[in-house]
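Note that chain A is present in both complexes that follow, paired respectively with chain B and with chain C.
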Partner chain A sequence: MFQVDVDYLKKAKKRKDHGKVVILVFLTLAGAVSLLPLIYLVCTAFKPPEELFLYPPTFFVKNPTIQNFKDLTAITANSAVPFTRYLFNTILITVCYIFCLVWLLTMTSYPLSKHKFPGKKGLMSLVTTSMMFIASAAGIPAYLIITSIGIDNTYLVYIIPALANTTCLFLMKQFLDTVPNDIFEAGKIDGASEWQLYQKIAIPLLKNAQATVIILTFGGIWGETGTSTTYIYKEQLRTLGFFMSTIGGGIARTGAGAASGLIMTLPSIIIFIINQSRVQDTMAHSGIK
Partner chain B sequence: MSKKEEKKLKKAEANKPVAPKKRFFNVEKRLGYTLHEMWTHKMSYAMVAPFFIIFITFSLLPLLASLGLSFTYWNIFEDPVFNGLENYVYLFVDDALFLKAFTNTLTYAVIVGPVSYIASYFFAWFINQVPDKVRPIYVLAFYAPALTSGVAMAVVWAVMFSNDSTGYLNSLLLNLGLIYEPIQWLQDVNYIMPVVIIVALWSSLSTQFLSFVAGFRGVDRELYDAASVDGVTSRFQKLLYVDVPQTMPQLLFAAVITITGSFSVGGTIAGHPSPEDAALTIMLHLSDYSGTRFEVGYASAIAVVLSVMILGIGRVAFKVLGEKE
Partner chain C sequence: MAKQIKAKKKLAHKRTLGSVISFERRKSLEGWGFSLPWVIGFIIFIMVPLVLSIRISFYITQLTDLYGFEGQSKWNGIQNYVDIVQDPEVGEVMLNSFLDSLWQVPIIVFFALFVAVLLKQKFAGRVYFRVIFFIPVILAGVIMSYLFGEGVGSISVFGSLVNSSSGIFSSFGGKITQYIGDIMWSSSVEILIFLAALQSVPDILYEVVEIDGATAWESFWHVTLPYISPFVILNCIYALVDSFTKYNNPVMSMMNEMTEKGTEYGMASALSWMYMLLALVTILIFILFTRRWLK
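What follows is the complex of A and B.
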């Protein structure tokens, strides 16, 4: 009798795994195809000149070399502003921006999702409307505002205007909406203050959303070139992305361009992996059950 | 006080819970109530204030300005001149290129929007069933095209769709004997839009996809157990009865992102300007006027028309997927 039960369980387990295996195989195949651009980027960065201009072109690298990176170092050594200054600027701007953005959006999304204050609906519809409004024609009015405030030609111009990220705010608010209100009600009954509710309940629940926001915004601010060109006149305050974009051109620099492309993409990938592994079952970890 | 009057008063009180005797007071009390409500929620205002100050200064004011500018002629160098609806009349009546841009954008949005939305959801759902340890690797694989944006992607696609026989696609088709001479993928007007759409689909798992991945992790595991007690057993049923309702906020967010993204498509693999403007989109048309010709008034009118389109479709998304209150 007992033996039969075990057999049945084994079979049931096998049946359950069946669908999972199909999904895994499918995902692995599709994922490999999806990874191609990234693999190509890595391969190209390590290709020697004769392989870069091979006819017909090849996908994978045959004789990997770090010549492209040496070329890149040679080019950067000749720049008026040291390479390290660009790197410092970019790291400073990225760290400040991401920190401020995550903090600001978390703090803003909580009342928008869980409080009932007069004018909340109006504010929310402002956010969603402006999300869907095409901003590119508004570039010139924005330029006039930023220059009249006087934050152009400072680090602040990279950070402050970009904090008005309505898309990410909407994302955070939507995540908090999935959390049942009862949790906060229970907290209130237990005598927690509004600030405590926010600190102890809302923030842990927004971990997934925060990680997603970091992934979504990192690439943009790390590779930032637009603000450098429009609002910055001092070369010392410009970013690494701007500098890299100035060396890409010309056939002679194809290899160096590929190397710089890899260098600019690598941090995004690292940040992605770190934050993606932080995306977990929020409900299971917050002790709600 | 007569009984009749008393009855009337009671009736009025029943109708309006906070009800005062006179209308005049009613207004005042309601205002007082709102002010009281605002005061009790002072914390909420303090928390949202920093964001909205930045938002109004750097986003809302420029948007409103561009809305106003759409009724003017402005070339940046001189002061804007009010010209009423002239920009809009020209846009709809005389601008033949706008029609082309409109058709291309619509074709693109109608194909890329829904396909990328549904694909994002299903891939996120599949990935949600992968063991925790390897999940980030799969997410990375599918998000890689979005990470390697810009230059890297352009290089890959240029090699893939190269016009001569060395392009991967051409050399593959030549070897298979399906074609006898290389196809001019990015020169032939008939192929440009399909190529643009295929490339866009390839790298379409981006923001929506990530929000879905994170959204699925937020689904309470206990709900699956509860559902299986109720007789929900298959994966697909669980998706339908547990995951979809639980990820509704992400579905709405992703819908808005997808609609906005696919309608405001700008630079594509086809480059700009493309042969015979075969890949001209509304966004590129807009940037021609704002950036190249410095006709900011007209560019703003294009932006307003495009925004109204997006807002209209976005409203439908809010109606279908939004919270029912």
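What follows is the complex of A and C.
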């Protein structure tokens, strides 16, 4: 007969608990290093002027004040183009961009991962090669092309060029590669068309790749300043990120700049918190038994 | 009766679109059909500028000439490249940053894997920890530019931050803290990719090996690692590219300086192409080494 070794089980549980403590301690220490800049940002946003210009600069705030945020609202209230317009622009651009990007990337990665067609290998190696290129060196030719197409000074210039995102395509394809082919073959035998296979199988199974791509690209497009500066000359079409970056200029506005930085960061953090649960759950049930 | 059979025959021979085009061709049409929209954008916004920049790298040009591409640009042959190779300063900067990347990449990937495995465990507050470890990417995109004017999550930002906080952190010694900070800051995308990859390992595999009596250590080496090995390689490539092209890379700042000067645009293009080749060769060697391990 079996006899359950109660002592052994107790010990095993204890060991497990110890392991958890070690994990927590390590993560707390390492996390503290990652968190420092954010704490610094929060502190700076609440610093009164005399602390902002201390030398050497202090890390923590001593006499917190919300004066910086008051300054910020005063500045936004007096801007030439209403603040809400910038906000509207940024939200519109971000939503359109993320939607198009996720849609395009899943659609492109599906045949790249699950089909054989001529030119596929060449295309893939072009994509990976161009990942290694430094964008600034091709900046001027890119500028020439974008202006000659004529999408400069429209909302499109924020969205279309940035859709050619090679890194995220690469990522998406890698994720799709791990989805077993059997699922698609089963779908094919059941008579699904290619479009149905893509819509009913590939897209749901790629949910956590999509969440990853959203997290990776959101910060960039939300805080977008470069395109606003280079391609847009109508103030009404510029983004919130551009507007916020103009606030920080000048010594008198340093505090307001820090406050704006804090406010610009919040949506990214929220988007991350929403999406990270998708990263965590979806893929768990995709396996074939 | 005969009529019915005839009708059936007719139906059987009815040509659909699918049977007009051969199977092979239909496959390739479908493949290209799905990827075409993105590929067009890729060609216009990435390939064409790249090819144009090859052309520019053979010229002596100024920024202002490029808009017409005629102006005063002069054909310079491979002289731009020769100049770069012969310039000892460029060589030194390139070699140093290359060596830096080489030793940092394995550490970043290892650290990211370690943290991702920890973050996958179930314990109280893991959502908060995930947020914390991903903060560098969130911050890098948005606020670093406001606060510091330049440098995306760069080592200098981190270093100055640590140095400014005299007390707790400076006691660790400046340089080492800087390196630790830089590595942790660079590894957040890799942590995210690893996390997502770890989720894709079917739970049933762990159950099976647990029943067979494997320890956590063994199941990591024999289940987790083989399953996510493509992502280890993906992350190595990602980290390598990232360390080659990030803002605080000395070669990058040299290139940006040349571009901003406006007069040496051809030179800057040549330098970036050489740098790209270096990155490519490194990654090719890496892939050659890891190919056997992959499959």
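We take it that the second predicted complex is superposed on the first by the 261 of 289 C-alpha atoms of A that agree within 3 Å, B and C clash if a C-alpha of one lies under 4 Å from a C-alpha of the other, contacts with A are read in each partner's own complex, and residues count from 1 in each chain.
In the analysis below, contacts are C-beta pairs under 8 Å (C-beta built on N, C-alpha and C of every residue); 3 or more make two chains touch, one makes a residue touch a chain.
Source: prediction; values computed, not measured.
Visitor: With chain A superposed, do chain B and chain C clash or fit?
Guide: Here chain B and chain C cannot both sit on chain A without a clash.
Visitor: After lining up the shared chain so the two structures overlap, which partner does A:A209 touch, if you call chain B first and chain C second: first, second, both or neither?
Guide: both
Visitor: Just chain B (first), just chain C (second), both, or neither: which does A:W222 touch?
Guide: Second partner only, chain C.
Visitor: Quick one: is A:I189 in contact with chain B, with chain C, with both, or with neither? Answer first, second, both or neither.
Guide: Neither partner.
Visitor: When the two structures are overlaid on chain A, which partner does A:A138 contact: first (chain B), second (chain C), both, or neither?
Guide: In the superposition, A:A138 touches chain B and chain C alike.
Visitor: Please indicate which partner A:A80 is in contact with in the superposed arrangement: first for chain B, second for chain C, both, or neither.
Guide: After superposition on chain A, A:A80 lies in contact with neither partner.
Visitor: Pick out the stretch of chain B that clashes with chain C after the overlay, from 4-12, 22-30, 58-66 or 184-192.
Guide: The stretch that clashes with chain C is 58-66.
Visitor: Touching chain B and also chain C: which chain A residues?
Guide: Comparing the two interfaces on chain A, one with chain B and one with chain C, the shared residues are 20, 23-24, 26-27, 30-31, 34-38, 40-41, 44, 56-57, 59, 104-105, 107-108, 110-112, 115-118, 120, 123, 126-142, 145-146, 149, 160-161, 163-164, 166-167, 169-171, 174-175, 177-178, 194, 198, 208-209, 211-212, 215-216, 219, 223, 248, 257-258, 261, 265, 268-269, 272-273, 276-277, 279-284, 289.
Visitor: Can you name the residues of chain A that touch chain B in the complex?
Guide: Touch residues, chain A against chain B: 19-20, 23-24, 26-28, 30-32, 34-38, 40-41, 44, 55-57, 59, 104-105, 107-108, 110-112, 115-118, 120, 123, 126-142, 145-146, 149, 160-161, 163-164, 166-167, 169-171, 174-175, 177-178, 194-195, 198, 208-209, 211-212, 215-216, 219, 223, 248, 257-258, 261, 265, 268-269, 272-273, 276-277, 279-284, 288-289.
Visitor: Can you tell me which positions in chain C touch chain A when the two form their complex?
Guide: So the residues of chain C in touch with chain A come to 27-28, 30-32, 34-35, 37-39, 41-42, 44-50, 52-53, 56, 63, 66-67, 115, 118-119, 121, 123, 125, 127, 129-143, 145-147, 153, 157-158, 161-167, 169, 180-181, 184-185, 188-189, 192-193, 195-197, 199-200, 202-204, 230-231, 234, 237-238, 241, 244-245, 252, 255-256, 259, 265, 268-269, 271-273, 275-276, 279-280, 283.
Visitor: Report the residues of chain B in contact with chain A in the complex, numbered from low to high.
Guide: 34, 37-38, 41, 43-45, 47-48, 50-52, 54-55, 57-63, 65-66, 69-70, 76, 123, 126-127, 129-130, 132, 135-145, 147-153, 155-156, 159, 162, 165-166, 168, 171, 202-203, 205, 207, 210-211, 213-215, 217-222, 235, 246-250, 252-253, 256-257, 259-260, 264, 283, 286-287, 290, 296, 299-300, 302-304, 306-307, 310-311, 314, 318, 323
Visitor: Give every residue of chain A touching chain C within the complex, in rising order.
Guide: By the definition above, chain A touches chain C via 20, 23-24, 26-27, 30-31, 33-38, 40-41, 44, 56-59, 104-105, 107-108, 110-112, 115-120, 123, 126-142, 144-146, 149, 160-161, 163-164, 166-167, 169-171, 174-175, 177-178, 194, 198, 208-209, 211-212, 215-216, 218-220, 222-223, 225, 241, 244-245, 248, 257-258, 260-262, 264-265, 268-269, 272-273, 276-277, 279-284, 286-287, 289.
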